[in-house]
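In the two assemblies presented below, subunit A is common to both, partnered first by subunit B and then by subunit C.
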Partner chain A sequence: MAVAEAAQRIPHPLPAPWWRGKSGAAVLVVVAMLIAFLGWRNQGHWPAALTWNSVGPHLDRFQTWLSDNRNVPDPNLAFRAFNGLANFLDHLVAWSTRFFHWLTWAGTVVLGTLLVLRFGGRRAALGVLAAFASFAALGLWEESVETFSLMLAAVSLSLLVGVPLGVLAGRSSRFNRAVTPVLDAMQIIPAFAYLMPVVILFSVGPGAAVVTTMIYAVPPAIRITALGIRGVHPNTVEAATALGSTRWQVLTKVQLPLARRMLLLSVNQTILFALSMVVIAGLIGGQGLGDSVTNGLYTDPAMAIFAGAAIVIMAISLDRATEAMANRTDPAHRHLTADRSRQLRTYTAACAAAVGLTVVLGHVLNAGADWSRWTAQDWLRQYVQRGLDYVQNPSTFLFRDLTNPTGNFIVQHGIQPLRSFFIETPWPVTLIGLVLIAFLLSGLRPALIALVMLFVVGFVGEWTNAMDTFSQVLVATVLTVIVGFVLGVWAAENRYVSRALRPINDVLQTLPQLVYIIPFIYLMPVSGVPGIVASVLYAAPVMIRLVQRGIEGVSPETVEAATAYGATRLQVLLKVKIPLARDAIMLGVNQAIIMVLAVVVIGGLVGSGALGYEVAQGLQRNAFGLGVVASIAILALGITLDRVTQGRVRARTQA
Partner chain B sequence: MKDRVRGRWMAVAAAGVAIAAAAVMVVGTAGAGTKASCGSVTLNEQAWAGSTANTYVAKAALEKYLGCKVNITQIAEIPVYQALANGKTDAVLEDWQHVDQYKQYIDKQKTVVFGGPNGVVGHIGWFIPAYLMKEHPEFKTWKGLKGKETLFKSPESGSQGMFLGGDPSYVQKDQQLIKALGLNFKFVSVGAEPAQVARWSQLYKQHKPVIFYWYTPQYLNQEFQLAEVQLPPRFKGCVDDAKAGGDVKKYRCAYDKTIIEKVFSKKFASSGNPAFAAMKRFSWSNADQETVAKWIAGDHMKPDKAGQKWVSQNAAKVKKWFGK
Partner chain C sequence: MASSNGNGRTPLIRAEGIWKIFGRNANKVIGTPDVDLSRAELREKTGCVAAVRDVSFDVYPGEVFVVMGLSGSGKSTLVRTLIRLIEPTAGRVEIDGRDVTAASRDQLLQMRRHTSSMVFQHFGLLAHRTVLDNVAFGLEVQGVAKSERHARAQEVLRLVGLEDAAGQFPDELSGGMQQRVGLARAFAVDPKVMLDAEPFSALDPLIRRDMQDEVIRLQHETGKTMVFITHDLPEALRLGDQIAIMRDGRVVQLGTPEELVGSPADDYVANFVRDIPRSHVLTLRWIMRDAKPGEEDGPKLDVATTVKRAVPLISDSERPVCAVDGGKIVGVVDKQAVLAAIAGEGD
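And then the complex of A and B:
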């Protein structure tokens, strides 16, 4: 049997030309769709009989009911429980803000710096000190402390929830299967859609902001922890069991310590994901830097840029500090003699004393909680404003001859034709065509999922909008894949490029999209383009990282073997490394799609229209139902694209 | 041995940091004290400049005349109703007629109360740059637009003219108006207000034609010369927004003047706080609001400073709010 299978796997000696294979069939499907588009343009709209129009109104009524029952003088037990939870979270954040106030600004700086110095080393401590200095220089000290308190609460609670669930998912594949779609939904459904129910249940304030942040930050904690636990070699677990360890002992003495690196990565990613919610948290009382970004966008773009910079600085310094602390305290690399650990204890005591002394001095000298005397804000503003003035000036060479025509060209020859192709082709043709392509690319199961999901999209009455968004997501994904692939390969081959790209990637992943979109709404003022730029900038870093890791992960022996046979560097890259890194590259494509979908709402705020616009409207114009329906459509598109791009890889890894 | 030396060095360094920090503190110290007789009041500020202006003027007035401690929250327009209902925020001083919320929170739940108009009268309409109005005086009314829509062509509007829609969160009915008036416009939304401003201001600076949803009072109206296209008050084919309580049969077309309301938390209203009476009397004009908004958004004055400046310059008006 095995022999027969192996025989089947031997490739055909002379591969058939591409047009006879699956790609040829896919091209055929596209051609058929094009013929249908040209022949029966605008003649097949999604029929009303197949639409369930009352989803939205039902949801609206539910929301009204929720609010009415929540705001009576004596709400029932369930609502009181939410109240209690909200109060607890509010207090948690308030307590931590008060703690920093009590420390005074000087105490906060010394505590932060010495803590990282003691456990993470000099480099990381300098980074933290520089971060504090820049919050002060930007004139955003108070806001940064507020945001930091919020993040502290949100991140620790996310880990408290996420790590145990992740361990569970790592040990039980059934639980893992059950929880994966929920996590997908939590990451794809835009926060705008559930902001209002969260506000009704938890009211506004830091508590509600923590809850919203957690919905987005818990999934990576669960996923990465589970990955770490599953990554522990089964032989090791078996050996421990054979030696008579209980399940609990296996977990605490073998699996968790061996998954240490992944656990720390999950802490790290949870921090970054949580920080990317700062702006949205600001809309419901999260305070801090999020408010500065939102207000800045309307009245003072320079301020939004400063607040965005503070968020990025906070994210990067936290990222580097946690990484350094994790490396330094790794028991595998630390051999403590009695003498050395005594020294470390003295060192800890000295640091604690220094912090205590600073706090006492801070109070004696009345330092205050907020650094407010000197800031470099006005000085920095001149430069930022000069940049903004340049960008806002339509008579510059950059705008007149470069960005404006490019933007218009993309709209007229890229986005508009593609959009009308997807919207105006009769719906059965589009539906069947997409499902067939899914089948050809990934197989039967993904194709069936695509069929069901696309039907859901039409059923909730979002076919046209979803096709509009789909066309833009397609353009953004193709651009992301091209950019990400090229830069990822380059970074893997050249360490200077790799070193230069890392901070850029970090900035793009943590800077609020609404901030880096500011120049583009002036430079390419045409609807759709800023949204696509935002998606590409947000999604490309992930693609770059995964491609780079995939190519670097190709075993050196294979490369050596190929070189020994006389392959040139280019040949090794094209014929060995890239084909062997295919799974990682496909995962990159898949993640790129998910990230592109995650910024659909941001696109809605800068003119991409369609589903993103509806979700934004859902929150802002009290159309809760509409927002949820549009989010369901986004989720359905996300699941379709995920399964279609991931089908092959999954089939292979499971085999 | 080397390690011990290093440990000691670190301890010295740590103490050094503390002392350096203390030294900086002596110069960096800023003390602040507030007298409190009305306790604390929480006002909500919205993202746009006008709201910042009235919120900070109210803050400065309450601090000066009642010694209140004023907190400011920044919660989006719809979620803020839940904040008012729970008493997490006491007052919103600029509400653009959120009729659905009035019904739900004020009439039904009675958790929020009206605080009367804030004096500013909002006006929404279709605007074009003043230079364009000079070239085409026929654009004074909507009839002049007929047949000339293609003047407003843009990359995304195809063969039609582009009508630039407003922020998705604002009250609007332009798609319906375009259809009712039979104009050959394609409604294009470029998203939130900052993006819309970016779009029309770039065209304005190039002296190109553009027609868009806009409103007064708005501080940008002092920077850009805009002119309004008159819409018909009534026109067959226009339907009233029945949701807003209008009579569908009367074919009302142009946007109504919007009376800007103040809304308060029921808890705040029944707390007996003197700040409530003062905020209920709070009232100022469009010109006042635009002035302060310009200071803040145009001249980058700190909102607190702008509020204090206006309050001290307009003592007579402000004293009236406090019944003096």
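And then the complex of A and C:
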């Protein structure tokens, strides 16, 4: 009796049911928004009083003023310096192209192949040779050379800027702390958001393409270099200092040589980042393959597909080649005897001689800059055209029963309802609802940032478009998270799945953003769908990897303990592994949402409408003001999405 | 071992009142009453960690000076302040007559290049260089020509018995061999002072003993002055002429091995030396008494003989044994003294 009474008096620390917690509050907010949507549909559009309509025209005037002052016969010093920079960038690309022309196609092939053979090994060299062959076969030799030159210029400059900064960041914690937030910011901005400002400053041309590419490619160069320098063990640095090395000697004799592998990896990453921008660079005057893709999308689909394929081939072969080189030069694995290094020097000299000879022969035999003898383009075009006709024929199985219904499903049950929900609910309700949800998810600071950013979006007059883009991003993110979560968990639990997914993920992660969209323009030509499918493909590999790593990272002892208490495999997964991997999974969601936004806005080029479409219009119709306004809205949306999803991880790791 | 006290000689290393306080506002702690707080209290109050507190000592040429103490007592920090790998917060260091703490950047470099060298716990070898180039590294940063520095490195490698490994890379060697390379690198610049920061604590016990023998041999052959850190008492007793025992950043006792074992300054030190058999450390000097008239014709033993070694002779002898130092009788030892010394073990 007494015991029972005592037990009654002790309050049971019952876990609160979910509807009492934050999830419940979030559901409540959504329900309230739904009620407002149903009751006052279309009755509260963003008011003109809260809109600054003249941003666009102001920006247009600024652009005119800028180009007027730059193009006068005798511009002032600032403009002259600026023009000088722009011209230098333009010329850099031109010089590089001219260099390859001078080499002749034969010399270019021999130089590329032997360089990779000497420093990367046979497999990588074969890959490069195959890449050259396919550029020739696709009939895109000249375009490939142009793209490569653009990339070479951008990569060299990125490394020139990034490596010294990375070394600084690696050696000084204070500098590292100062640059990290800047780099973080640079990496969450979708490329589409800075195209417009760059074009305004540098006007359309290769120079603008180089700058755009650099903005994207410098951060990884800095980060990886810093990581490499930091990775050199402090003991070695201390030992060298104790023996009386100057700071410079420590850098050149200890840190740089020991970080060599990471430095080469940073070259590898910079190249990949640069390549993923070349297609977009095609929009603002980067010539070559990017240009062929963007021009061909509607007028010559086969050509767009060829150019896309060439970019993919270039990305993969460069990736493999630079990675092979990086692995080969790992200082800890490459032990050279004096004899061996003499042999290698001879080998290098022989390669150089072979290149020289080829160039001379090329000139004597008049090989020419462009490979124009034979291409398989027409032959391939036939097949590609047939394929295109098939996938777009409404009566085929593929179109009628697979791609078309899928596309329509996504539109009817995903994009459209969400879009009308966000756009047609009275704006104050949407704004406050979204901010409240941000608060519940991540806390006060992210919620305030969301409030300010969403207000900016409305203030510049992009509320409707931003809500449209936002609903596309939501749909794509949900799909990415589902795909990524399922495959990631599966891969973590099953060796075979993991092994099968790895090469697919590797390839998907090396491809440029726009390339994903190309096939779906023809496969699922329903508005918005190509952008969404492409963004899922683009972001899913990262999500898969993070989920897999998170689950595999759960300590074996914990799993063993759970198993020892008799948990089944499923219970271990649901009650131990997934909860413990929560931070990794949330990080995946954060990365996915940023990547999805980047691709969804690019989709504006091909019918996704909304903010991306306005940027595309800005670029193609010279509507600068409009483009910049949309860019600002994209940026604001990006910051909001990043902070809100990242804050969740922060709030948890601090708790 | 060399004699333990520098009668009239000038010290090669002189440390006076060294402090190292880590943390923000470390400079503001010294000169306030806070310096007398215990480590934990200081951290509580200011967030600073006092790693080294008011340490002074002299090391004479040819001596091995051992710093020992438990983990976290400040040993590593102390040696690093000697050549300013860590800047001391206060205090003065003089090496070979020059003021290290006041040295300019350039003077400091010169000193690190020519006067001192250091051996590290985790070796700190350069993975991308051959053994030969690792050993020659100190000479390379000095700007010595390649052929010359390689010749010198070869020579030193022979000294540590690694002449055949010259062309290999550090990761191809065992831990013991790697530390020999570390030793060779330190010897290659022919420094006056060698700083050994727990050089053997990452090695297993057998190799460790080998390496201690190696250091004793090298030290005898070259007569180098050493500052040697360890947290292993037997190692300290084997190598040290003088031993400083540190606790929470302070030196709690500084003396010869005999002094530590024979008269520990406090419970901390006593605890440290408890398991050391006193007869292995104490010498006749420690237990002898003045000779009475008529005792001077007993059997003779050097005054530096350990009790353990003296036991057979003393127990066989009817008369007290005479302790001689340089041919002169300085005292006598009888059976009671030996028994008292041995009986003191283990309490």
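In the analysis below, the second predicted complex is superposed on the first by the 465 of 655 C-alpha atoms of A that agree within 3 Å, B and C clash if a C-alpha of one lies under 4 Å from a C-alpha of the other, contacts with A are read in each partner's own complex, and residues count from 1 in each chain.
What we mean here is this: a contact is a pair of C-beta atoms (placed from the backbone, for glycine too) under 8 Å apart; a residue touches a chain by one contact, two chains touch by 3 or more.
Keep in mind the model is a prediction, meaning the values are calculated, not measured.
By the touch criterion defined above, A:Pro579 reaches neither subunit B nor subunit C.
In the superposed pair of complexes, A:Pro164 makes contact with neither subunit B nor subunit C. By the touch criterion stated above, A:Ser203 is placed in contact with subunit B alone, subunit C being left untouched. Applying the stated contact rule after C-alpha superposition, one finds that A:Gly553 touches neither subunit B nor subunit C.
Once the two complexes are laid over each other on the shared chain, residue contacts for A:Val254 go to subunit C alone; subunit B is not touched.
Touch counts on subunit A: comparing subunit C and subunit B, the chain ahead is B. Of the two partner chains placed around the shared chain by superposition, neither subunit B nor subunit C is touched by A:Gly231.
By the document's definition of touching, of the two partners only subunit C reaches A:Thr246; subunit B does not. The intersection of subunit A residues touching subunit B with those touching subunit C, taken from the two complexes, is empty. Across the complex, subunit A meets subunit B through its residues 64, 67-68, 71-72, 104-106, 109-110, 113-114, 117, 195-196, 199-200, 203-205, 282-285, 287, 291, 294-295, 297-302, 339-340, 343-344, 346-347, 350-351, 353-355, 357-358, 361-362, 365-368, 370-374, 381, 392-395, 399, 407-408, 411-412, 416, 518, 521-522, 525-528, 530, 604-609, 613, 616-617, 619-622.
Contact residues of subunit A toward subunit C in the complex are 233, 235-236, 238-246, 249, 253-254, 257-258, 260, 331-332, 335, 337-338. Those residues of subunit C that touch subunit A in the shared complex are 83, 85, 109-114, 116-118, 120-128, 137-138, 140-142, 167-169, 171-172, 182, 185, 189, 195.
Listing the residues of subunit B that touch subunit A in their complex gives 3-4, 7, 10-11, 14-15, 17-18, 21-22, 24-32, 45, 47-49, 52, 73-80, 82-83, 85-86, 88-89, 98, 100-101, 104-105, 108-109, 111, 154-156, 158, 168-169, 188-195, 198-199, 201-203, 205-206, 296-297, 300.
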